[in-house]
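First the structure, then my questions, so here it is.
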Amino acid sequence: MSNSEFLTSSRTEELLPKYRAFLKEHLYPIEKEIIYGSFKAHLPQLNSLRQLAKKEKLFAPHLSESEGGLGLSLFEFAGISEVLGSSPLGHYIFNCQAPDIGNMELMHQFASKELKDQYLKPLQRGEIRSCFAMTEPEHAGSNPKHLSTLAIRDGDHYVINGHKWFTSSADGASFTIVMAVTDPQNPNPYQRASMILVPLDNSGYKLIRNIPIMGDVGEDYMSHGEVSFTDCRVPVSNLIGYEGQGFVLAQERLGPGRIHHCMRWIGICERALDLMCKRAVYRELDPGRPLASQQTIQNWIAECSASIKASRLMVMNTAYQIEKSGAKAAKEDISTIKFFVSDVLMKVLDKAIQVHGGLGITDDTLLSFWYRHERGARIYDGPDEVHKSVLARSILKPYMNHE
Amino acid sequence: MSNSEFLTSSRTEELLPKYRAFLKEHLYPIEKEIIYGSFKAHLPQLNSLRQLAKKEKLFAPHLSESEGGLGLSLFEFAGISEVLGSSPLGHYIFNCQAPDIGNMELMHQFASKELKDQYLKPLQRGEIRSCFAMTEPEHAGSNPKHLSTLAIRDGDHYVINGHKWFTSSADGASFTIVMAVTDPQNPNPYQRASMILVPLDNSGYKLIRNIPIMGDVGEDYMSHGEVSFTDCRVPVSNLIGYEGQGFVLAQERLGPGRIHHCMRWIGICERALDLMCKRAVYRELDPGRPLASQQTIQNWIAECSASIKASRLMVMNTAYQIEKSGAKAAKEDISTIKFFVSDVLMKVLDKAIQVHGGLGITDDTLLSFWYRHERGARIYDGPDEVHKSVLARSILKPYMNHE
Amino acid sequence: MSNSEFLTSSRTEELLPKYRAFLKEHLYPIEKEIIYGSFKAHLPQLNSLRQLAKKEKLFAPHLSESEGGLGLSLFEFAGISEVLGSSPLGHYIFNCQAPDIGNMELMHQFASKELKDQYLKPLQRGEIRSCFAMTEPEHAGSNPKHLSTLAIRDGDHYVINGHKWFTSSADGASFTIVMAVTDPQNPNPYQRASMILVPLDNSGYKLIRNIPIMGDVGEDYMSHGEVSFTDCRVPVSNLIGYEGQGFVLAQERLGPGRIHHCMRWIGICERALDLMCKRAVYRELDPGRPLASQQTIQNWIAECSASIKASRLMVMNTAYQIEKSGAKAAKEDISTIKFFVSDVLMKVLDKAIQVHGGLGITDDTLLSFWYRHERGARIYDGPDEVHKSVLARSILKPYMNHE
Amino acid sequence: MSNSEFLTSSRTEELLPKYRAFLKEHLYPIEKEIIYGSFKAHLPQLNSLRQLAKKEKLFAPHLSESEGGLGLSLFEFAGISEVLGSSPLGHYIFNCQAPDIGNMELMHQFASKELKDQYLKPLQRGEIRSCFAMTEPEHAGSNPKHLSTLAIRDGDHYVINGHKWFTSSADGASFTIVMAVTDPQNPNPYQRASMILVPLDNSGYKLIRNIPIMGDVGEDYMSHGEVSFTDCRVPVSNLIGYEGQGFVLAQERLGPGRIHHCMRWIGICERALDLMCKRAVYRELDPGRPLASQQTIQNWIAECSASIKASRLMVMNTAYQIEKSGAKAAKEDISTIKFFVSDVLMKVLDKAIQVHGGLGITDDTLLSFWYRHERGARIYDGPDEVHKSVLARSILKPYMNHE
């Protein structure tokens, strides 16, 4: 895909070919074996690729240079993120994968120096992993103020009790940040919860199971945990930000987080479109009559290409707006890209599968992985339906006052 | 769902509640454990349920009474089939599951008495299983005359060489019917292939692998085999029908086969709609404000209900037309239901998942199983795109002559 | 389109070819001139066609034989109605056009003998026309209990004041039935309004304008009036049914009314599909390469055909249910067909236009007329959105009680 | 809608509020009366607004300053064009309306000095109007090389014979540019036609009729002519470009032309969304419960807003690419915006109508005008289907070579 100054900086113009080459050479050949096999068994191989990424000065593009990264802006990282998204291993290798990247951004801004030294720094170096415990099975995730997990102050400690799931990558992580209610009586429901860092060797914490998601139990980084906190004691100093700030921090965490997700999805889309085109040209209905000659296939390719292009421009523009005016000013755009791009993603994957015919539903291509594991894109970080209502109410607001 | 004389006979009015009760009592409580666990390990349990089905005179509804069945017409069986489709185990328990039912229908009409005695009868009694080897990985399955598998006559035997996949349920089956080219030079490509029965203990046959489909390798009945035939010798008397009749038989096999699939899909849709309604009523956004109060959820429920109703009427009407005038006369309707209902199926499942939120992508409900394993519905037995062209050309034919 | 016993009776099997022949011979050749020209100027021609319809015993198929009709059941009339719908003049010629047919059904059941003699009988004979004044510009038509028009009792008279629009065919009509609030204080909002017959030569009534609809002011039968009632006095005996029954009667009027509309829409769809096929075969992209050879065009034809077929089966089944169990029992089906078929209608018209290219947007075909004048189908008699909510709430009801 | 440096220049940042204010003050109050009434009768009023536009230095934004315009780049004009598109009179008042703007661009580049002096200059000043005669009723407009109109050389003249339609704004125009075959035997079909300027007072030219489009015959600028050329003689010097260059010039004309159309459509979309929001806030289902509180309405507003934003970014980016690298390099993007934005346009109009209920289908709002007169957007300048195939084949090209 051709990019223009509209979408790139001189910095990314220089970096993009390097990332593309790295993925093509090192990740594309091994990714299927790893994602359809045992992630844990491949950790040594994955770690040596991380070392290579460091050596080639491509590691941690989102971190400042002093933190061992490339110092890219959100807008610049977005362009890189699309390329990384083209492999299910892309972000992981360069240590900018969710949920760790969100925790890094959060702790960078709001954690105490002690927490940074002990937890953030090894995380940034890729030596440990982390997770984020917010959603509870008992409550609709789309309502972030509806939480049962409690963190009760007891002297210098919080005592946490609660039940979480979709704590992604909990298996093998060193710590989690948990969203817990610290002030249940606060009349403002948005000020009841706080974020607290919990080391996972704490005896009050338990990984109940890796939730089987669309046929995969998963393991290690590639897993989604159901976890419990039972009289789990952590020092008050493990608080991120201040008490009652949990909801605000969650919003802060989500702003750039949606840029990251959306650009990753666009990377998946481009890869799926590429697979679709390859298959359309290769597969023949009759000798000499490839699928690519069928107008229906052409329609799909054109429609997918158009909506991917639209998605990219919207997400990059949103990244630009966040950089320029902050996440709050860009909140309409942030909601927009969430539902627009997740919808495009699933439609592109669906068409790519259909073009592949029977092969498309096997695990012989990446499409099965994405079809299953990205279905959640329309659900997590706020289901599409919530974002649409939020956006519409924001658009309608000025009209209300006039009438 | 209320049914009317439009859709039922007095026979099915009597039977439907019995099947519904059987499923509710015996299958719904165990189905998730079996489909997400080991099918093979549960064979004893499944077999005892088959015995119970026999005892309650519900076994093999599609077979004549002399064959141990209930003697239902295609139209009547369609109504039952919807109910059975509501559980992934439904058809299996009553021995009317694909691909066996298709093989039973085929052999009933076209197999020799010897083949019937040796293979069909135990199949009808549920003592053995079978499979059907047609699609080849090297060729587009949508073009059934594009085949490489050869069956060369050598005295009283055919020597078969070829490579097939999507030979569903090959693992554990006793025989397959294979589609192979017996007359490669025939100027009419529709007369080149034949159907031959191959016992699977033949040393020339090999189950290469159970193909991993959307995250599941599967096993036994719940699997899709990739198989090979290497100098595989079978007696000429294993021919089904006569030489060169393969394509015609495949069409014969597919006519009622599409009714079976479509009604099963409608059963899945009804179950998914039921799960959707239950979840919408149970899950609260805020205390006292269930999902069911959201207009978007209501729209989905209404739209799903409408398209399920439309599907049922179309499929039942098609079954009626086939019975009345034969599959050939009903071919437009058969193409129509194939693409119409498979599209409805995937849309209903998608909405059901979305209503379930995070739970919808876990393997804690049936939705994940269907979302993954029914995606093929829009591909197998002719992808939707082929059926649309076939239908349109048939509709356009009379116009061509007039102009 | 082939019909079957599923959809026809022996009576309609005999009548359908006669109606088809009548339309083909007498209406298709003149319809464009009339609908795109002056309806009023063609009244003599239209009246002579009505005489011909009477002579051929095809007039008023919905009326009993004693009323001068054919005595068809709702189900049987539905089949005829589809054929009539294929011409914009069809229902009018046979005197079964909205809004008159609704008024006939209503008065037949609920009007006094005097009102029947004076108004219903000439209406049934096609000597006069009528209209129905319900929707008010000031209130959402989707909420039928939200009305401002008042009918205050003054001795033996009602004095009516109010403002209505979408009083279809008011221009040239002899009387209207007006929905007016007679008991504004009634605690039950569904019991506040009544239906009153107002002769249009009443000095308190005024036709303000024929509303320009999608570029057409229209005239006579083909118009939509904005009307006012100013101290409009009518005898209390002009009441239809009893006081406070207005809402109940409106529901009664709408049940069969939706069957009539839906079948008319299906008739339009079939005609549009016919035009589409003709154009696809005739129009060449290059010499020898007609539009019909394009897969996209084939997809549209297949998809339109499928959804028309689904629509017909659903509406006929609903007519059957109404006949069998009454409109109340069939209310889910009635809501379903309203939004399902109006959506199909607009999609089929859209595709038919696209196949016609530039010609499709001219008034040289019927498509422009329907594209414009049937857009209201998704709005009148309750917008689709209302019907979806109504249906969903009805489906969800049993779930609510269980939880 | 907030714009950013992503989409504007300092020049347009300054101009946009002026255009918005001009339209709001001078056009919005009168536009409905003019478009639903007689355009011709309002010419004096329209002309005085053009004088005002000149006085306020807003006239002809697309022309260089030496030609009396503002000297905006294509990218800058695109931003202005969106604002102008919000009124059906916008482009006309500022003399940058199709088809004149296309003729201006064409003649500026390719006409002789004499033709420029005699025809282009008064056109640029808004003293005369022009039209463009290309599409023929006998041939699919989507195949521009399929033409019957002939221009036979006879000494110093061409003698033109042919039949054209969709010659927009022919009524009242001073000249047309006609696409005619000058070299029918040329083996390269793309080199057979030429563009020739024909003054409309030529006796061989005839305006057969203003074609009734969606209920409007139209007149003057707001019309679409069907015209004929019968032994119509024009000097050879009336040729635009050189002989055989017709097809190339048509492509040149269409490149920026599509930017103009697309930005105008986006202007319509924004206005329709604005009407939708106003109506949603104003219209109450029950007292205190406006349409805007309905989730379905919110969904539509959010989805419309998202797709308008996507459209704008894509079109602006395409304008930027054309400026930077030429129309040829941007041809994929040009095809993309054509089908993407025309689809968005019709969907937004459809939702806006639905939100307006009955009012939406009357001519009491602008929506009826656009719904009818912009339906052609998916047809003219190449139907969507052609653009999709063109785009897909371009995307697939590199894959073909590799396989």
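Some notes on this structure:
By letter and in written order, the chains are A, B, C and D; residue numbering begins at 1 in each of them.
Quick note on the criterion: a contact is a pair of C-beta atoms (placed from the backbone, for glycine too) under 8 Å apart; a residue touches a chain by one contact, two chains touch by 3 or more.
Computed from a predicted model, the values in this text were never measured in an experiment.
Two chain pairs, A-D and A-C, are weighed by contacting C-beta pairs, with A-D ahead. Of all chains, A has its CA centroid at the greatest distance from the CA centroid of chain C.
At the interface between chain A and chain B, two copies of one sequence, more than half of the residue numbers in use are shared by both copies.
Centroids of chain A and chain D (each the mean of its C-alpha atoms) stand 42 Å apart. In terms of their C-alpha centroids, the spacing between chain A and chain B amounts to 38 Å. The centroid of the Cα atoms in chain A and the matching centroid in chain C are 52 Å apart. Residue positions 294-296, 299, 385 of chain C each touch two or more of the other chains.
Chain B contributes residues 4, 6, 277-278, 280-282, 292, 295, 297-299, 301-303, 305-307, 309-311, 313-314, 317, 320-321, 324, 332-333, 335-336, 339-340, 385, 387-389, 391-393, 395-396, 399-400, 402-403 to its touches with chain C in the complex. For chain C in complex with chain A, the residues that touch the partner chain are 294-296, 299.
Residues of chain D touching chain C in their complex: 36, 135, 137, 140-143, 146, 165-166, 211-216, 283-286, 291, 294, 296, 353-354, 357-364, 368, 371-372, 375-376, 378-380, 383-385.
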